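Structure below; questions to follow.
Read from first to last, the chains carry the letters A, B, C and D; within each, the first residue is number 1.
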Amino acid sequence: MTATDPVRIGLIGAGRIGTHHATTLGRNLHQAQLVAVADPVEASARRLGEDLGVDWRPDPQSVIDDSGIEAVAITCASTAHAELVVAAARAGKAVFVEKPMAMTLADADRAIAAAEAAGIPLQVGFNRRFARDFAWAHDAVAEGRIGTPQLLRSLTRDPGLPDPGAVPPWTIFTQTLVHDFDTLNWFNAGARAVEVSVMADALVAPDFKATGLLDTAVVTIRYDNGAIGVAEASFSAAYGYDVRGEVFGSAGIVQAGSPAPLATSLWTVDGVSAPTVRRDTDLFADAYAAELAAFCTAVRAGTRTTVGGHDARAALRIALACIEAVETGGTVTIRDDDRDVVA
Amino acid sequence: MTATDPVRIGLIGAGRIGTHHATTLGRNLHQAQLVAVADPVEASARRLGEDLGVDWRPDPQSVIDDSGIEAVAITCASTAHAELVVAAARAGKAVFVEKPMAMTLADADRAIAAAEAAGIPLQVGFNRRFARDFAWAHDAVAEGRIGTPQLLRSLTRDPGLPDPGAVPPWTIFTQTLVHDFDTLNWFNAGARAVEVSVMADALVAPDFKATGLLDTAVVTIRYDNGAIGVAEASFSAAYGYDVRGEVFGSAGIVQAGSPAPLATSLWTVDGVSAPTVRRDTDLFADAYAAELAAFCTAVRAGTRTTVGGHDARAALRIALACIEAVETGGTVTIRDDDRDVVA
Amino acid sequence: MTATDPVRIGLIGAGRIGTHHATTLGRNLHQAQLVAVADPVEASARRLGEDLGVDWRPDPQSVIDDSGIEAVAITCASTAHAELVVAAARAGKAVFVEKPMAMTLADADRAIAAAEAAGIPLQVGFNRRFARDFAWAHDAVAEGRIGTPQLLRSLTRDPGLPDPGAVPPWTIFTQTLVHDFDTLNWFNAGARAVEVSVMADALVAPDFKATGLLDTAVVTIRYDNGAIGVAEASFSAAYGYDVRGEVFGSAGIVQAGSPAPLATSLWTVDGVSAPTVRRDTDLFADAYAAELAAFCTAVRAGTRTTVGGHDARAALRIALACIEAVETGGTVTIRDDDRDVVA
Amino acid sequence: MTATDPVRIGLIGAGRIGTHHATTLGRNLHQAQLVAVADPVEASARRLGEDLGVDWRPDPQSVIDDSGIEAVAITCASTAHAELVVAAARAGKAVFVEKPMAMTLADADRAIAAAEAAGIPLQVGFNRRFARDFAWAHDAVAEGRIGTPQLLRSLTRDPGLPDPGAVPPWTIFTQTLVHDFDTLNWFNAGARAVEVSVMADALVAPDFKATGLLDTAVVTIRYDNGAIGVAEASFSAAYGYDVRGEVFGSAGIVQAGSPAPLATSLWTVDGVSAPTVRRDTDLFADAYAAELAAFCTAVRAGTRTTVGGHDARAALRIALACIEAVETGGTVTIRDDDRDVVA
């Protein structure tokens, strides 16, 4: 094996995002060689494997046990993430895991501990860190170009809520806003979230509120450096997939993101218009590829991943505080001893 | 007096914004005739009067009592606003009053009652309603172009905090964010704020936190139509005077405002850049003139003002809830019976 | 008369732009006092005079002869401009004249000579110079921020061609593009146009080509400092009134102008959109007021106007070269001895 | 060989753009398999071959003769393009050739004839057609969203002129503006350029004008559907690599391109700014990959390429007319019988 050999990867979870990642790994990244895909739903595994011309299996464990595989991409249901990270780490595989890495702090701690014990690279799928506009904004903050961060904003507006009945409770915090929490943490580097306040509701699909579905949320976060962050999400943006960030500091503002990213416009009797992007896999096509490329580089070079288990835990910590805030109806303090404690 | 005679106006308060309004009334609005200016600081009154070639007086009451004056513009310190509104209304004068119209709900109710009893036009200086971009956004919402409002945002970033020691406590809520509260109320027309949550701090001038100065705040507001509003303020925007609004609804988004409003850009080795506006009187020059023109029209035509005492009270109600939220450290419910009760 | 007395102005020509200017002078500019309006079409003069509450007359000469009038605004048909400038100058009146100041070089020279002989201020209605975005761009060039100008562009896209049969031949050069020629001259200050090439056609209303109507034109201009300018016009912009400029230099680009000048946008299922402006009097409302304010200041302060007879002649010189280029089908050289020669 | 087997490609020309294409083919496109690279400069061939882990050779003909190679990418010096297209076509290879495909019409006709005789796919490297913003603009025109095209603009501003002495005469037309000519032809589909007028100069490096170097040019093109196109180029854009297009039609405008394509901005005391792109391989990274992907698809599917030999000839025809226009100092008519004549 040389420094330029592709990383031999097995992927677990042949759903929507798993299919996207598998396609990137199998077709578009010379640094990767997709060896096998697994999914307990055998038809899904077969379809994806045959489409990409790679081995397919119903059993995830067989991927983890496969000595011909160096790294595992975990893209299955979130509830299974942490267990698979632990198993893969114990098998000595490098791990790329979609967000959220875990659903509880205890699971997050177990995953982190397993990865650290095994000394394997662990990367979490916070793809916005790899979007060029967000990365440029982050670097501008890191270089001090906006001074000390004081007010931050991150928002996600998903283009639809196809089946409200199928969305698990708290999804808006653990699946959607967890991206924004990570973005805020990343922009406000070195600071720790210490207090969370939430207003959330079922405005898009009010009939499902009784089942616990929240589809609209505003989260306010106080950081220990004084900065205040706002994260907003809605599951129903009529105009496209909209992810934006803003950091206001003592010397200026930096912004990132637009649902109309093409440098084109149409001017007609109706005014000026521009096309918007409707899917995350369109808006973040390059970012999805870049995060996997970075993972392969980390695996092959043996370097640290830039977004790992502790980042996943910090974002999860905020998501869990949001759930508590909704349940108790008040502001939730995040205590220091919640931090990085292995259960 | 015919329908085209200018409105004879006396102005009380020759400070920064009073000077700006007096100049507009005296020089730029054919619908207005500035008759006199008053300020207890006699030198200020004289300077302004002489500059504009109009009568000047130290005594505000003399303006109110002046039979040659039809309308009074109240631009003095906020603490004196309500009392002057009441006095002017009782004297039968039309009233334009800068925000906030009052500092307590009881005073707001007295002002509203006095104006209604006297049947005089009462307009409050929420200038953003007269900015063309904000008005366009408002109309887009009112016409249903973004569907039902679900998430709203309004922000104010003032370019500086020249003398932190001179800023009264709670200024960020009663003087600054009161604009944003009115903007959110106006965008979300027909809905009532029912709950307020606040994170605020002294990040710009932390040394003055002990004196009660808050210079950075994020306010989250729940409305009775389910919509959630976020209002943000900072007293120290290095890049200019920045006022923006955004309404997300079931059918789309509308945005308004930019600190770089000129249609110009410069592209050099440093990238693309555009000039930003540094003062409210630059960014809102047209809006300031338009609100006074609208006031004159209302006075002369005998029509209702479009932003009156009840609007001032509704925005103040949120500001007072914010103060309570900071003092109690929690979320504050705005009860229905707080609404529009004359003390 | 003191330095702050308004300038007593008489206006000649109560058509569309005359009505706009008269309204600005009569209602919105404290530096001006509109004394009288004149138009040979008596009904037009009466309508405008009565509307603004000023004296009205059918006879333009009576305005020029009026000892109570200090300055004359000439806003009638272009063919009468030069003669009226000469007459007003001889009568010692300051003169504001709409573009084009003259239709021939000889007439332009006569107007310049008369103004210089009388020592009166003469200002020409090149309103773009007073638009804040264009002025910012001009200043950026003048300050050397884009280095040496090398490529310039100015365009005008008028929103409509209501009656093609009523448009005199060469209008696109003498009435429309004359604005762009002045803009290019102004941006490329100190340089002289030396060569002109034209492609023009009747694309909007081809049936009228036989009558000499050109409704679409691209003019390329070589300047004696090497810079190359492009001026474009069309009489039929479906999307609004569109005026833009761009200067590319050795150190960068500066741009000005947008038909969508409001800082607002609407994002719906159709994409992102913004409203466009449909009339010159909307897009340039502030610029039209600013040019008249500047004229009043020049009159009262006795200073030079910033855009005078020589500027009008230089732009006309290019327009006439364009006509020659269309007639001869080739490139036209502008000889140095054409310049500033009084007939 | 199945429909999903990668296309086995040999590349001729290991210079700057050849290295870029080879890297894309060898590393980023699953549809392609780079088999060999050739360059008469043996060191270049070796460096590139070793870097990508593929066979390398000094002799281009050996690539053409290689039975294991299906398609040839020709990225060497322009003067050799046509000859290699003919040779590759005769050998039955599919051909991707960088622009310009030929330097004379006779050579272009020979290349077209050879490709047609061999029945091989021939694609020319007009990469702008594959940039998403330009493609969106093109489609908007094709769908009639701006009505009938009347005024078109395309510009290229290259970020630098490292060694003026090394630039062959007429490069600005044959190498740079040939892109813009193709863009204009593509936007104005179905129309034919019939007349060309040029203003060009050596403004960036005037010392080299004597050697025939032109570094700044404005070309005006009349099409047989009446539309007028403007193409502009400069070899020295301080602010980045700037490629833009605009089509004005009877129903509106469409625009494409920006040197600041990231959705990010920085607002500081200096104003609002955004980063610009400095290299074609950054601005058009996706477009370069997309054109090669499209080529592979055409080869494997046996379909027509979307930009072929006749497009290359039409753009070259305009470039040659520009040279004639500069040499004769006048407007050049492009006769119909110049069109598509095989030498």
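Structural remarks
By our rule, a residue touches a chain if its C-beta (ideal position, glycine included) is under 8 Å from a C-beta of that chain, and two chains touch if they have at least 3 such contacts.
All figures in this text were calculated on a predicted structure; none of them were measured in a lab.
Common neighbours of chain B and chain D, by the contact definition above: A, C. Chain A maps onto chain B through a rotation of 180°, based on Cα atoms and reported in steps of 5. Here A-C and C-D are compared, and the pair linked by more C-beta contacts is C-D. The chain with its Cα centroid farthest from the Cα centroid of chain D is B. For the pair chain C and chain D, the distance between C-alpha centroids works out to 41 Å.
Chain A and chain C have Cα centroids separated by 57 Å.
Of all residues in chain A, those touching 2 or more other chains are 238-239, 242, 251-253, 267-269, 275, listed in ascending order. Here chain D touches chain C in the complex through residues 147-148, 150-151, 157, 195, 197, 199, 201, 203-204, 206, 216, 218, 220, 222, 226-228, 230, 232, 234, 236-239, 242, 248, 250-253, 329-331, going by the rule given at the top. Chain A meets chain D in the complex at residues 4, 26-30, 53, 132-134, 136-137, 140, 145-146, 251-258, 261-269, 275, 286. Residue ranges on chain B touching chain D, taken from their complex, read 238-240, 242, 259-260, 267-276.
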